Every structure is written in structure tokens, then in C-alpha cells.
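Think of it as A, B, C, D and E in the order they're written, each chain with its own count starting at 1.
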Amino acid sequence: QSAVVKVDGSSTVYPITEAVAEDFQKAKKNAVKVTVGISGTGGGFKKFCRGETDISDASRPILKKEMDACKEAGIAYYELPIAYDALTVIVNPQNTFASTLSVADLKKIWEPAAQGKITNWNQVNPSFPDMPLKLYGAGSDSGTFDYFTEAIVGKAKSSRGDYTASEDDNVLVQGVARDKGGLGYFGFAYYVENQKKLKAVAIDGGKGGVLPSPQAVENGTYSPLSRPIFIYVNAKSLDKPEVKEFVDFYLKNAPKLVKEVKYVPLPSKVYEANTERLTKKKVGTVFGGEEAVGMKIEELVHREAKL
Amino acid sequence: MTTPTIKAEAKDLNFFYGGFHALKGLNMPVYEKKVTALIGPSGCGKSTFLRCFNRMHDLYPGNRYQGAINFYPDQTNLLAEKVDPIEVRMRISMVFQKPNPFPKSIYENVAYGLRVRGEKKRTVIDDKVEEALRGAALWDEVKDRLDDLAFNLSGGQQQRLCIARALATDPELLLFDEPTSALDPIATASIEELVSELKDKVTILIVTHNMQQAARVSDFTAYMYLGELIEFGVTDEIFIKPKKKQTEDYITGRFG
Amino acid sequence: MTAISANLQEIRTIIARHKRWDLLFSLLGLAALMIGVLTFLTLFGQMVIEGAGRLSLDFFLNFPSRRPEQAGILSAWVGSTLVMVVTALVAVPVGVAAGVYLEEYAPKNLLTDIIEINVTNLAGVPSIVYGLLALGIFVYQFGFGQSILSAGLTLALLILPVVIVATREAIRAIPIHIREGAYACGATQWQTVRDHILPYSSAGILTGVIIGMARAIGETAPIITIGALTFIAFLPPLPFTGEPTAGLFDWLTSPFTVMPIQMFNWTSRPEEAFHENAAAAGFVLVLMTLTMNGMAIWLRYRLRKNIKW
Amino acid sequence: MSSIILAESSPAMPLDYVSDRLARRRTRHLRETIIELLLLAAALVSVATTLGIVFILVKESLVFFEHVSLWDFLTDTQWTPLFDDAHFGILPLVSGTLVSSGVALLVAIPLGTIIAIYLSEFAPFKVREIAKPFLELLGGVPTIIYGYFALLFVTPLLQLLIPELPGFNLLSAGLVMGIMIVPYVSSVAEDAMRAVPMSLREGSYAMGATRYQTAVKVVAPAAISGLAAAYILGISRAVGETMILAVAAGMQPNLTWNPLEPAETITAYIVQVALGDLPHGSVGYQTIFAAGLTLMLITLCFNVIGHLMRKKFREVY
Amino acid sequence: MTTPTIKAEAKDLNFFYGGFHALKGLNMPVYEKKVTALIGPSGCGKSTFLRCFNRMHDLYPGNRYQGAINFYPDQTNLLAEKVDPIEVRMRISMVFQKPNPFPKSIYENVAYGLRVRGEKKRTVIDDKVEEALRGAALWDEVKDRLDDLAFNLSGGQQQRLCIARALATDPELLLFDEPTSALDPIATASIEELVSELKDKVTILIVTHNMQQAARVSDFTAYMYLGELIEFGVTDEIFIKPKKKQTEDYITGRFG
């Protein structure tokens, strides 16, 4: 059997890994095979910590339970952030009043206390018209959900429940595009592709409204809704030449390919730091099994990892 | 024997199952308030002939009638294209070889024909059902269990139920296709008795492969062979001195 | 005479009234049929219109790609075909054997009742639950891994109830006198089954198998659960080829993807162009189902031609 | 019997060929037994599958019920197991499942029955031979396609009629699911009605009944056990359907009996979590097994009822 | 009439369909190389009795035998628990009421019994098939189309095919259950002729509801009524001067 690099995990990260895998296979003239699966960040880690995959795509940092599972199986890993996903809050194009929403506004809409109470736009802000508020968001099992709640409500997994949840962001796109009073959030790429049907909301994180854009994400002004996404590499697998080559290829080509699939590349310093991690064999996660919101990614990569 | 009135009459009747010529130029009367028996060896066309009378053949594709069966007193040709088979069947009832009660209660089985005719009044139906069940000599056995499923009756009772069902709509002609061949001898005897009683009220045409039965119950007998009518006459004469050698051979068992 | 004609008049009005129901119901039946047919045509039409632009030979010969115009379904349709082969090879013998047992051998007892309830009950278990089961059993317990074999077995379990039920119905349609004829010749029970029951019920069994397979080929969730891939740019090894040489059955343990997963992935991508790919893939998938159904109808016709009771 | 002198019975005298056949009896017996056991084993595969499913569901559910009391599970009216403020009331999912199945069956049972009656009693031979396989195709379309069909085609259509209908709702998902199930119902029901002996039909026509009367008053009641089987199959299929609801019904655990609202079904929840980001082994992940077990028990109820009904009707014949 | 040998003999035979006592203490011999006819009204148990001889009842649950049918010369009790029904059926063939050829070729139908016995040699089978078809007077009609489907034969030919199938395995006893009741008169005549010819080679037990047929083809006749054997004797005597009044009534059609 020829060499195979096995990747599985998050659907959010999938397009990037797919692009890398495609180009890598071409570059290697098919001497190395790469497979990429989508079983979600959680499903991906399950396989990863059983040693079934070489690399796990993750849209959130590894969690405590998963760290324990990996530890038990004796699996050490490198945590490599590879791009930003800018969570975008969008409304129907006919909505002319809500061009900017503050984090406080969003919290008022999404916090658990809002359930069944905040059902009209004029409850969010008295200057808004009387129009039913319909909400669309990520499924409560997803990394996007965890991150959004943490960033907006202040506590992970803390959200009202009466909104339309879907794993498939296109479903959310359809919902908001058809619903005059709709509001939703999802990955930046879906907004970019559906700009005609949707309108992005500028987020006021305290320093005035900022619309999502690659620049705003890179320079850190689109806060707190830009989140890093990762790949985790099995340390043992990295000893295999084909995996090593693939990861190197990944880090080298990430900036170009990430942009191509409509995500936002990280500052080049971060990719360098990643490479350094690999050479210095710094395994483990820097997040300690928790979601990290609003932290500067550059700081994070220099933190000492723990296992 | 005084000459009875004609209730129905086959005129140059031919019948085809697709390409198969099953009845060949039949001419035969059916007399009012008499029992006419059709006998003949298996496959000679007795059932085919009988089923022409209520247009049962219309249910299957490819069947073709030729000639006429005139029905009196109104002289309708039962087989005419423009005559609605449903109308024919409302005037002419049939009892089949194997008892075929519907999966309903005893009461509903008998009432079926009335309901089909749009009768809604419970009292009318009640009366008719009782009358028909009495006519079929079944009333005493079932009067306390009219809501029971018909399947819970014995074979002979089921067949009498089917007769009651046929009687309930006051048919002008009653067709029987070997009504006892699926029954045991005791049930057979009771059905035969019933047929003899019924002829005061209704005209009967009965197919049987059992010559003894024909001799016992019928006034007239028709002997058929290979789709043709060989001989028709008063039953006693047919059985005692048939005109045709062929008939005699069959009746005495020398046939073949 | 007058009484009779008055009576006839009455009968005729009743008939006319009742016949209106006949007509009404015919129309209703046709309308109901049309709802089904039109739904199908709308679905199919939508896919054709949206996906027609992507249907080319390349679409069938390309592997997935991040560029919609270059992405194809090669790994998907090959995977689907191979998985279906495994499914059929497992579900047909096991399902038919189970059907034969229940119809020809099973005594009327509690065990038989349990098996019967069980079979119908399985028909209603959501497919994702089969996926969870298969993940535990085939992938890990038996160590088949995330392979064509595991997927085929999973789908086989999924369609087993359909095959069993169809087999039983087909066997029940064989008249008792054929069976008696065989036994009267001195045949044993198994000889009767092998020489008569199975050959004469094959048309009905086939129908069930095809209905089951049509369902299996469109399943996504259980296959994802057991770990089908989404990006895979190589095919399972042909027997006796490659470096190092593959064995006869190596393809069974190969990683794979299937049509509905490919389709599912494309529908959930942000780019509109991928949605066209998804429509085209859906079109091909329905075409594959259609081909199977067509084959079944033809075979059924051939098989039935010789058998009329 | 005087004219017949009963012949002396000859003494027992086994013939050669008889003993020859006797010799082969043992191997024949063995072979027959082995084959029967093999066939039984095949029949038991389905039992094993069920046991496997039940085992997995129960095992994981037990862990789940260590964290959540059965009482809460059955009576709490909120299902937010993955939220910070977690509630584990299965009722919203059950209501979603029942309502969507109900809508589907309101479509599938009448349509399926009408089509079955039409095909078996009214339609000309040709129509039947073409229509049946065509309908069966409906059952072979991947359900994800139906999901988008409901979301992008049926819902906007319904919104023309009911302007206040939300973009995701049980109604349109249920309707489309109903259409998907039609072939399951109509095929089995039609087979059952065609199996009704011709003699019953002849009996009805002979009474002067029309086609409609014969079909509705005689044939359908006679085929009732087959019809029940068809309906049970339809119900099972509806309760177990996943993708249509995951796409078009809104994924919103909402304790409602109103089909115009969005809601989540057990299956939709399971597929969402099974393919999502949750760490395996967490309580959140284990909810899917508890939900799955609930679903299995619901279908089991239907099937046992159906089985008993069929048995009762069968006895009648 | 010289005294014939006994081929089989029912001894105190009782039979139960579940709770229904269908045969009541039957005692009756079947003579070698003779035709024995079973007559009696419908439902009297003729078929039930016949089907005891090849243990057909074993196919259905709930059926119970009591007593014995001894089979000579080896004096096996066909009904004994330890006797394998398949072995019984290998020695005793049966022809059914409705022709029931398998949906296979003519050749394969006749060869089936041999194949079941494990015969593999094509030449042996060829010979046996020809012999059996000749025996059933069908060879000339089908010799050029042995690979045709059996269903393409006419009803009478199909029934002769079933006879050939039964003959191919050289049975010691041949059972016929109303073999002509589904056939037309011409086919019936040819089957009757065949039965008469066959008795030189094989012992025959035949059920018929047609007394004429019994009179024509049989050497011995048994009259049954409600599960009991009323009278058994040489056919001519039974038909000319039966000992029992009951038998006479039935035969002359006065029954009921």
C-alpha cells in the first residue's frame, strides 16, 4: 500500500484541507494519498485520539474530555492554528435599520433570558420598527455555537433556545434571505458568496461598528467575532515522511489557499510560529481545554503548551 | 303440464373468451317460476352460459358476446351494448359455486344489495333482511347473532347466506352456479330443498355437474356439450327418455 | 309491465347517481397518482435544469476539487457502486434465507412472532442508528475499519427488513399445489425450496431487493457515521494491480466515499457553483436508481413470463 | 365383502431398494437439519441487529440516566441538553416527531390508499404496469433532495397560501415526507388488494354494485390486514425519517402540536449531534442514545399494535 | 375373478384435522395391479383418505393420524412415526385434481422425481422421461418440444404430463385425486383410457365424484360417507346390487 495521510474532523476546516490535499497530491504526482473526512470536530477528535487519523481538523480548541482521551491512548499532538473564521451576523437586505449592532444588543437578543421575550426588533432598540424578530444560528453541537455564545453572551453554550438551528449554513442563508425580520450568524464565506441576498451587520465591540472583512479580521478590529481554526497533528504520525511533508506543505501554502476558499489567513508570524513548534517538538494545547475568546492569536502561539 | 310463460330466452347466443369460441349458437328459453337445470360434462360451457345472464363476463377484458338474451316482460336484450350491466345485475341475482360472503356481519351481507341500491331506511332494511333470511331458511339459526361475522358460519350456512343476499333484492331471475359442489351432503340437501321451495317465488337457472341433483330439483333440463346445446326439455322426459343418443349416454354414465 | 318499467326507471337513476362516484373516484385516483408523478418530475426537472451545465464526461472522470468546474464524482460513483455490490451480496442471501425460514420452516411459536415483529420494527429504525451500531460492531469490534466492507454491511442490515418482507410476500404467492406437487415427487423440504420456491419467487424478491437498494444508495447519515470520506482522490485498488500488488479482496478494505456524501458536501458549500455540482450529482444518483429499477422491471418481466398460475 | 377373499398378507420382507433408500436417510436428515439451522441463523440476523441496537442504546442511555433523572427526561418541557442551562425534557422532540409523522401520514395514507384502490380496481392494465414502478422511484430519491425540495419549493408555495408561515415548519417537511412515503403505502396496499380473491369481487358486482362500491365496501375491508401492514410500514418510515426534517423543519426543539411552527424531531436531533462537534462520551453526546431509545420504543409500540391487529384480522379469514 | 394380492391395507384408520375427526375407523384393502375407486358425496373424506397414503397431511401442522396403513410386501406401516414421509412418497406417487406442472420445461417436469432421487446420468434420465411420457400417452404429442414450458400444454396434456411425472419414478402405488374434474370431456376420456391401461403395470387408487367414471375405470369401489367407509366391493357388484340402502340411494341419485 502506498503512503496515505488521513485527515478527518470539522466541516468548517474542510474546504481548506481539501484545497491543500488536492494541491499536495498533484505536487507529489499521486505518490502520496490524502483522505479527508467530515465527521465534525468532536467525531474527528474521537478518531484522532484513537490513533486512527494523522491530522484532525478542528473549529475549536481541543476540550478537556478529548485531551484526557488522547492522553489515555498515549497520543501527543501539535496544535496548529491555520486560519480565521469571521463569524458574520447578517440580516435581510430589506432591513435598513440594523446596520450596526453592539455586542450588548446581540447579547440582549441571544441571551437565555431573551427566550420567548425578545421577539420584536423594537424590543432590541426602541428606534427599530415594529417587526417580528426571527433568529437563525448554528446548531448547539457546533464549535460556531460555542464560540458565538462565549463571545456575545459571555458564557459558552449559554443561549436562548427558540431559534432555527442548523449545521448547514446554507439553510440559514435561505432562512434569513426569505425572512424580512430575520437575523442570523454563520461563517464569513457564506456571507461572501451570498452578498446579494444578505446584509452583514457591523459589530460594535466598543470602538465603533466594524464590518467583517479580511482586513478587519487580520488587523484585529473585527472583534470579538473572529475565531481561529486549527489542525491537530499526531506527533507520532509526524515521524512519517509523508505526513511531515503534508504538514509542511499545508503551512507553506495556507495563506494562498485559505484566501482562495474565502477564509482569512493568519498573520504570517503565526505560520512561522507553527513551524517553530514543530521543529522544537512543542506538543500539547495552549488553551487548557477551554474556548478562548478575544485572545490575540499571536500571544497564544507563544504561550507554553500543556498536555 | 301447462305451458309456462317465458322469462328469458337465448337467441343465437355465441360467446368468445378472446379467441376461444365457448358458446356456439345457443337457443333456449327459461320459463318463469320454474327451475331450469344446465347439465353437461366439465368444460362444456355451463358456467359460461350462466354468467352471460348477468354480464359477469364484462369484468374481464377480451370477452365478447354475440346474439341476444331477451328478458321479458320488457324484452330487453341483456347483452346489448347500450344496456348497462349494472342494471342487468340489479334485476338478476347470482349464487356462486363457493360461498363468497363479504367480510362483514351477517346482517350487512344480506343488506348489501339494498345499500347498493341506495336504501337508507333502517326499518325497511331490517324487514328485508329478515324476509330474505327466512326465505333462505337461515333466519332461525342466525337471528340472535346478526352482528356476527359471516365467516363464523359453516360452509352450508354461508351458502344459504349468499342465497339470502341474492334474494334480498327481489331478483326477477336467480342464477346458481353449482351451489352445492363445495358443501357437505347435509348442507347440500338443505340447499336443494331450498331451491325447490323458492321456485314458487322466483325464476331459477341452475348449473350442476350432478345429474341426480338436476333430476331432483329442476322442472326443465338443458344438456350441453362442447359449447353447444344438445337437448332441452322437461326434466322427467330428459332423464327417462332423452331424444338424443348423446344425452342418454351421458345420463347413464356410458359417456366418453 | 308498467310496474317493471317504473322500477327500471328508478334503478336507472340510482345507477346514474352511483356512477358519478365511479367517475369521481377515477379522477381522484388519477389526481393522486399525478401528485406523486408531478412531485417526481419537479424534483427531477429541477436537478436537470440546475445541473445540466455540469454534466460532461469529465464530471464522471474527475476527483473532487476545491474548484467547482474541475470537481467530479469519480470516487463517489465508483464507491457507491462497490458499496452496493457488497450490500446486495450480503442482504440478498441473508434476507432471502430469513424470508424462506419464516415462510417455509418457522413453527408458529413465540420466537417466530418475535422475529416477525422485529423485522417490521427494524424497518422503522432511523438509519443513523444503524450507523451507530455499525461503528461499534463492524468498524471497531470486527476491525473492518472505515471501509467499503463496513459500509456495505451497514446498508445490508438497513435494507434487510425490506428484502425479508418482499421475499415472504413472493413466496406466499406460490400456490400450495405446486408445493404439494414437489413433495409428492419425494422431494425434501430443502429440495422443494431450492428447486421451486426460490426460482418461482425470484421476481417478487427482486422487486424487494431493488426497492431496498434504491433506498440504500441514497443514504448519507449512517455512512458518514461509520467514516466515509469526503475528499478522496484515488480509487480502491483493482485486484492484482498496483504497487504493491493488491489482492483479490483488497478493495473491500479501501477507504471510499459515496454519491450522497459528495452531494451532501456540495450542497453545504457556500459557493453557488458547487450547488450546480450537487444538482448534477443528484441527477446521476437518481439515474443510477432509475437504471436499477429499469433492470428490475425488465428482469421481473422476463422471470414472470414463464410463470402463471 | 363376501365376494372378496382377503388375501393373506405376505410376511415382512424389506426389499433391496427400500433398504437402499433407508441408508441414505441419515445423510439426508443431517443435510436438511443443517440447512434449516442456516436459514434460522439468517432469520436471527435481524434479531441480532435489534439486540445490537438495543444494547448500544441502552448501554449509553444508562450512563445518560446517571446524570439525568428519568422523571425530568419524561416531564421537562424543554430540550436544551447542550446549553449551559441544560434541560433534558424529551417531550419537545417527541411532539415534533409525532406532528411531522402525523402530517406525513395524513398525506401518505389517503393518497396511498386512493392510489392503491385506483391501481388495483380502476386503472387499465397498462396504467398500472407503468405507474407502479414509477411510484417506486419516489421511494428511491435520496431524502436530502426531498429536504431541499421542501425548503426551497414547497415552503414558498405554502407561504403564498399562509403568509405568516415561517420559513421552517413541520407542515411542509411533513407534506413532502408524506409524498415520499406514498409508494411504500400504495405498493403494499395494492398487493394486498389484488390478493383479494376474485370471487368476492364477483359477488359484489353480481349484486349490482359499481366499481366504487365494490372497491370501498368489499375489496378494501377484505384487504384490511394488508392495508394495516402498509400503514404500519408507512408510520415506521415516517417516524424514522431524518434528512427531510433536518433540512426543512427548523431544528428547533419546540414543544408544539401546531404543524405551522418550526420544531425538531428525534431523528433530526440525533443526526445533528452525531455529526457535530461534541466530544464523544460527554453527557451531551449521550443524549442521542436516550433519544434513540425513545424513538425505538415509539416504533416498537406501533409495530406490536400492528402485529396484533394483523393477527386478529388474519384469524377472521 | 381370481383373488388378487393386497398391496396396501388401512387398519382402523382415524384421521384428525386438529380437532375435526375426518376419518373414522377405516378398514380397507387396496389390491395390487387393480384400480380402486373412492366415491362418495363431497366432503365425505375421500381426499383426506387418499392423502394419508403419501403422508401429504404431514405438510400441515395440527394433523394427526391414528391406526395404520400397512404397505406390502415389506409390511411397512406408512403412518408410523419412524417411517420417513419422504421415503413413503418415493414409493407412492400422486396426481392431483388440478394439473400442477412446475413452471419448467416438459422434460424437467418429468425428470424431477429422478433428480430428487439423485439421478445424474443424462442417458438414464432421457430413457426414463421417454418411457414415462409414452406411459402417459403423451410422447407423440410432445417429443419434438421437450424444452417447451409445461404451461404451454393444454389442460388435458398438462394432466397427462403430471401422470408421466408420477410414473417416471416407478411408483408402487399411484394415487389420483379427481384427476379429471378440471378437464374438458375429451381430455377426461383420454385420462380414463390411460388409467385403464396403467393398471397392468401399477396399483391405482382413484378418488372421483363422478360415479360414471368410477364405474368405467375401476375394479373395486369404496363408498364413503361422513368420514366412514360404508361399503367396499367389486365395482360391478357395488353398482348393480349394493348391499347397503345408503349406497344404493347415492348411486341412483336418490340421496339427500
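One rule holds in what follows: a contact is a pair of C-beta atoms (placed from the backbone, for glycine too) under 8 Å apart; a residue touches a chain by one contact, two chains touch by 3 or more.
Chain-to-protein mapping (UniProt): B, E = Phosphate ABC transporter, ATP-binding protein; C = Phosphate transport system permease protein PstA; D = Phosphate transport system permease protein.
What you see is a predicted model, and the numbers here were worked out from it, not measured in a lab.
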>> Applying the touch definition from the top, give me the chains sitting in contact with each of chain A and chain C.
In response: D
> Can you tell me the least number of steps between chain B and chain D, where a step is a move to a chain it touches?
Replying inline: 1
> What's the fewest number of moves from chain C to chain D, given that each move must go to a chain touching the current one?
Replying inline: 1
>> My parser should flag the chain pair with the most contacts; which pair should that be?
In response: C-D
> If you average the CA atoms of chain A and of chain D, how many Å lie between those two points?
Replying inline: 40
>> Based only on mean CA positions, could you tell me how far chain A sits from chain B in angstrom?
In response: 84
> Which whole number of Å gives the spacing of the CA centres of chain B and chain C?
Replying inline: 49
> Could you say which residues in chain B touch two or more other chains, in rising order?
Replying inline: 86-87, 90, 116-117
>> Going by the contact rule already set, what residues in chain A reach two or more other chains?
In response: 38-39, 167-168
> Going by the touch rule set out above, which residues of chain D reach two or more other chains?
Replying inline: 28, 210, 213, 274-275
> Quick one: in the complex, what on chain C touches chain A?
Replying inline: 64-66, 146, 224-225, 227-234, 242-244, 255, 265, 267-272, 275
> Any idea which chain B residues touch chain E in the complex?
Replying inline: 41-44, 180-185, 188-189, 192, 209, 211-213, 215-216, 225-226, 252-256
> Which bits of chain C are touching chain B when the two form their complex?
Replying inline: 1, 4-5, 8, 11-12, 14-15, 17-19
> Quick one: in the complex, what on chain D touches chain C?
Replying inline: 28, 31-32, 35-36, 38-47, 49-50, 52-53, 56-57, 111, 114-115, 117-119, 122-123, 131, 133-146, 148-149, 153, 176, 179, 182-183, 187, 191, 195, 210-213, 215, 232-233, 235-237, 239-243, 266-267, 270-271, 274-275, 288-289, 292, 295-296, 299-300, 302-304, 306-307
> Hey, which residues of chain C end up touching chain E in the complex?
Replying inline: 107-108, 175, 177-188, 191, 195-196, 199-200, 306-308
